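Here chain A shows up in two complexes: once beside chain B, once beside chain C.
What follows is the complex of A and B.
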């Protein structure tokens, strides 16, 4: 067993997991607290990536572009809440799904009209474009470390926000009993709009961080949103802690499956069959996990206490 | 009232008779999703070809109908069926993706129409499933990586690691390079297609394998994503990259805008290059650049050729579209002007053609494009032709 390779793959898995967490945290907030199924959450991820890509070329600086693109994505989320989501809160989930699926198509087409179908490759500053040697033989692109670092700090910030601030208290209270909160004089509408905008910013941040690795492209959100739903279902809908742990687990399963499954299969079948079967099975593994969790704990691994 | 209806019906019927003096061509490509980058380039080339023909093939007006495969085999088949049943086209051309072509080919051939692939060339279509009404203006999938395998031998590379997507074409590419490369293949990773765009795990494995070279096949936006991650991983010196169909005229302007200078000097094999010197190619590249301001991709070149192949068939039978044998013989002769220069068709109707080694360079104006370094194969025939019962 090559432990250096294993270590690197674990880091890669954690990095993927943290990106998933950024998207999932917003989705789980909106789903768990507003009780709103937002399929178009992935579109916010895409919008973040495209806005950030354009700003990178405008400013010539990726980090500055991220800082400016974050509030812009938040405003987009705020507007979507006002225009689309707010009218749907008292409808049932199927209506949410239909409306937000329509929203995906609208946003994808708008993106195609504004930015074209080509997608945008995002350049990184030189100090982020290199590699870092952690120890002998373990070299990792510096940008991937930045993703891990920012993912962890955002996670820490969110825990603090939800558990130890007045806003977080209101969010939890609003989720628990929204009539009571508004009777106490809290503007629940604005509160929900803020939560939605926060979710949009988190998803947008994930899009911004992935765009220098892949690129900003149409439909990128639709690919991640499926995995993200798996994350929040496994973690327990509405639970920030669940989203975090499930995202890391799923990131690790996906990455380690891709890296080592073919070798493991190779022990019991021909190399050709193993290299064909492994990617198919590793693609299924997260869904198998979801099925197992649903069978054993239908509420997810960490269901929130107040529901 | 009844009279009006009758008159309207008669008028409709008359129009449809008047419309009979046209050749209907369906072109199935990817016009939505990220794959639309390629589809749009093909569409540009097809539109340019029809414009250059003055909208006519012989005496017939060209009626071109596009179908969108949405990057999915099932959608591509639906688009194909719609072209055949609703539009009743005479030719179906296009098909970027091997899996889409494999899903759609039967519909076209069962309907007794001509099927012309302007890109995809999976092994079965060239071998056991070959058909007299199927023609290609591209190549068989394995050929281009076979040429790359030969280049690796010539460069003295002893061992390689392979990363490719897990679908029909990806498997063909891997089989192709393995069939000619004489060194050792230290590992092969087949990734989920088309959703996987993060290759960190695979790159880490490739590096750990200690191979002397890395061979990849990632068409479209996945190619761009791979090139960037390869650069970010800093593998240029320790693990040189050899690609097929992963760097093209669609990704180069993006790389240039983002300053990915590592791409300059990278080499890959192909049947065509914008600098190939023949009258048809010079005209194509010049007109394409004048019309759209960018270099055409090889996808565009193949789509452009497909229209001239169809034109040669229609003209050979003087517009009698019922003369399938006449049109087939005309296409089989490969007498149309091709952007690749002169070539012939094999028994399986796949081109027997040259393959070149291309290198990414900046042109006189500083735009990133490619030039030909050497000819790798001359008049190369695919290895599936022997499985094809056609003569």
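What follows is the complex of A and C.
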């Protein structure tokens, strides 16, 4: 067993998990508080990536681009809430699904018209493009460390926001009883719009952070949204803690599965069969995990206590 | 009965038109429309399958494209091995074998995923069926031997005795007869005791459970039947397109299928057929409109923009508008049709 490789892959898994958490936290907030199923949440992730890509070329500075792209994504989220989502809250979940599905088609096509069919590779500044040696033999791109660092700090900030601020208190209260919160004189409409915009910024940030690695591309949102669903199903819909833990678990399982499953299968079957079976199974591992969790706990690992 | 027979007449006329038009298209030399109606009928079969769950079971499955894909790969994979060798136990051009494989594989997938997904309700069910659908997508994506992302061309269509699916009209008629049979199966099913229990569970699951029905089992059986019908549609679709790729299983395909079912209304026999017809019609009209728009802009810009590929833009807007402005949303549309 190559422990250095294992260590590096664990880091990669944590990095994927943190990005998933950024997307999942917004989705789970919006669902928990607004009772709104937003399929188009992945589109905000894509918008974040594309806006950041364009701004990087405009400013010639990736970090500055991220700082400017964040509020832009927030505004996009705010507008979507005002124009589309707000009118859907009192409708059936199926209506949410169909309308946000329509929204995905619109956003995807608009993105295609504005930025073209080809993906955009985002260049990194030189000081981020290098590699860092953590210890003997363990070399990791410094940008990945930045992703892990910013992912962790955003996660910490989010926990602080939700648990120790007045806004967080309102968010938690809104999640457990919407009607009561508005009866107590809180402007629930503004609260909803803020939560939506916050979710959009978090998803957008994940898109920005991944774009230098994978490039910004059409359909990237439709890929991540399914994994995000798996995260919030496993974690329990509406639970932040659940989303965090499930995101890390799923990030680790997906990454480690892809890199080590062929070796593990090689122990019990021929190398040829292992190399065929491993990619097929590793692509399905997170879904198998979801199935197992659901079989044991249909409400997810950390079901919210209310509703 | 007067109203019912009115619906009956519409159904009859619509189905007769579907039976008569394609041969006319064929003889007047317009194969494009034969292809269009074939696609329509194949999608309608899958929609009939989904309708059993969605319309009568109240179970919103967002993963039905997976069954279509499984059915299509059940044609492609045996044909691939029959041509290129390997995996002798499934290598075959035999249509009956491929069909049996398509039905068995989609039924098995439905049984396993349904058993888990049906433990949950509502949004959870929707997301889980979606996730399982995407799991099937990744599965076929990772099979490099069958082309992976690039897909697989089916060189030889399913071989059946007496008829040849290579003839577009024959293929169409097979699809058409299959649709009629599927509609008949669905009609019989939903009006049987089984269908009543299913609809009862949709209305009030606890009451049905209290009455002594194991609704979970009923729903699971409905899920398997529904998935198998979609798998059958996949078998036909594979033979129709002669090209299969993981793209057929993408969750946006499931979304389109769901849209068809809801658009057509759930409580009539014709509903899903109507829904898929409207969908195909919208697609063609929007492509036409975008193309027309392109032609209009061409003198101004000096080049063609190829706007036709952007038909999803007006389609998505339409979807949002329908949900926002039709009273009670699409569900309302669906309920009102039933009255």
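Basically, the second predicted complex is superposed on the first by the 307 of 307 C-alpha atoms of A that agree within 3 Å, B and C clash if a C-alpha of one lies under 4 Å from a C-alpha of the other, contacts with A are read in each partner's own complex, and residues count from 1 in each chain.
By definition in this document, contacts are C-beta pairs under 8 Å (C-beta built on N, C-alpha and C of every residue); 3 or more make two chains touch, one makes a residue touch a chain.
Source: prediction; values computed, not measured.
*Asks:* If chain A is used to align the two complexes, do chain B and chain C fit next to each other or clash?
*Replies:* clash
*Asks:* Contacts for A:67 in the overlay, against chain B (first) and chain C (second): which applies, first, second, both or neither?
*Replies:* The answer is neither, since A:67 touches no partner chain.
*Asks:* Name the contact category of A:229: first (chain B only), second (chain C only), both, or neither.
*Replies:* second
*Asks:* Considering only the touch criterion stated at the top, classify A:122 as touching first (chain B), second (chain C), both, or neither.
*Replies:* It touches chain B, and chain C stays clear.
*Asks:* Output check: A:113 vs chain B and chain C. Expected answer is one of first, second, both, neither. What do you get?
*Replies:* second
*Asks:* Once the structures are superposed on A, label A:301 by its partner contacts, choosing first (chain B), second (chain C), both or neither.
*Replies:* The answer is neither, since A:301 touches no partner chain.
*Asks:* Should A:105 be classified as contacting the first partner (chain B), the second (chain C), both, or neither?
*Replies:* Only chain C is touched by A:105; chain B is not.
*Asks:* First (chain B), second (chain C), both or neither: which does A:173 touch?
*Replies:* neither
*Asks:* Touching A:57 in the superposition: chain B (first), chain C (second), both, neither?
*Replies:* First partner only.
*Asks:* Is A:139 in contact with chain B, with chain C, with both, or with neither (first, second, both, neither)?
*Replies:* Touch status of A:139: first partner only.
*Asks:* Now that the structures are stacked on chain A, which of 96-104, 330-338 or 366-374 shows chain B clashing with chain C?
*Replies:* That would be 96-104, the one stretch with clashes.
*Asks:* Indicate the residue numbers of chain A shared between its chain B interface and its chain C interface, in ascending order.
*Replies:* In the superposed arrangement, which is not itself an observed complex, chain A uses residues 112, 276, 279-280, 282-283 for both chain B and chain C.
*Asks:* If you look only at chain A, which of its residues touch chain B in the complex?
*Replies:* Its residues touching chain B are 2, 4-5, 8-9, 12-13, 15-16, 57, 112, 117-124, 129-131, 139, 141, 143-144, 210, 212-215, 217-220, 223, 255-256, 258-259, 262, 275-276, 278-280, 282-283.
*Asks:* Where on chain C does chain A make contact in their complex?
*Replies:* Chain C residues touching chain A: 60, 62, 113, 116-117, 119-120, 122-124, 126-128, 130-132, 134-135, 138-139, 141-145, 250-252, 255, 258-259, 262, 310, 312-313, 315-320, 322-324, 328-331.
*Asks:* Enumerate the contact residues on chain A facing chain C in the complex.
*Replies:* 31, 37, 84, 87-88, 91-95, 97-99, 101-106, 108-110, 112-113, 222, 226, 229-230, 232-233, 237, 276, 279-280, 282-284, 287, 290-291, 294-295, 298
*Asks:* For the complex, give me every residue of chain B touching chain A.
*Replies:* These residues of chain B touch chain A: 33-34, 36-37, 40, 166, 171, 188-192, 195-198, 200-202, 204-205, 207-208, 221, 224-225, 228-229, 231-234, 250-251, 254-255, 257-260.
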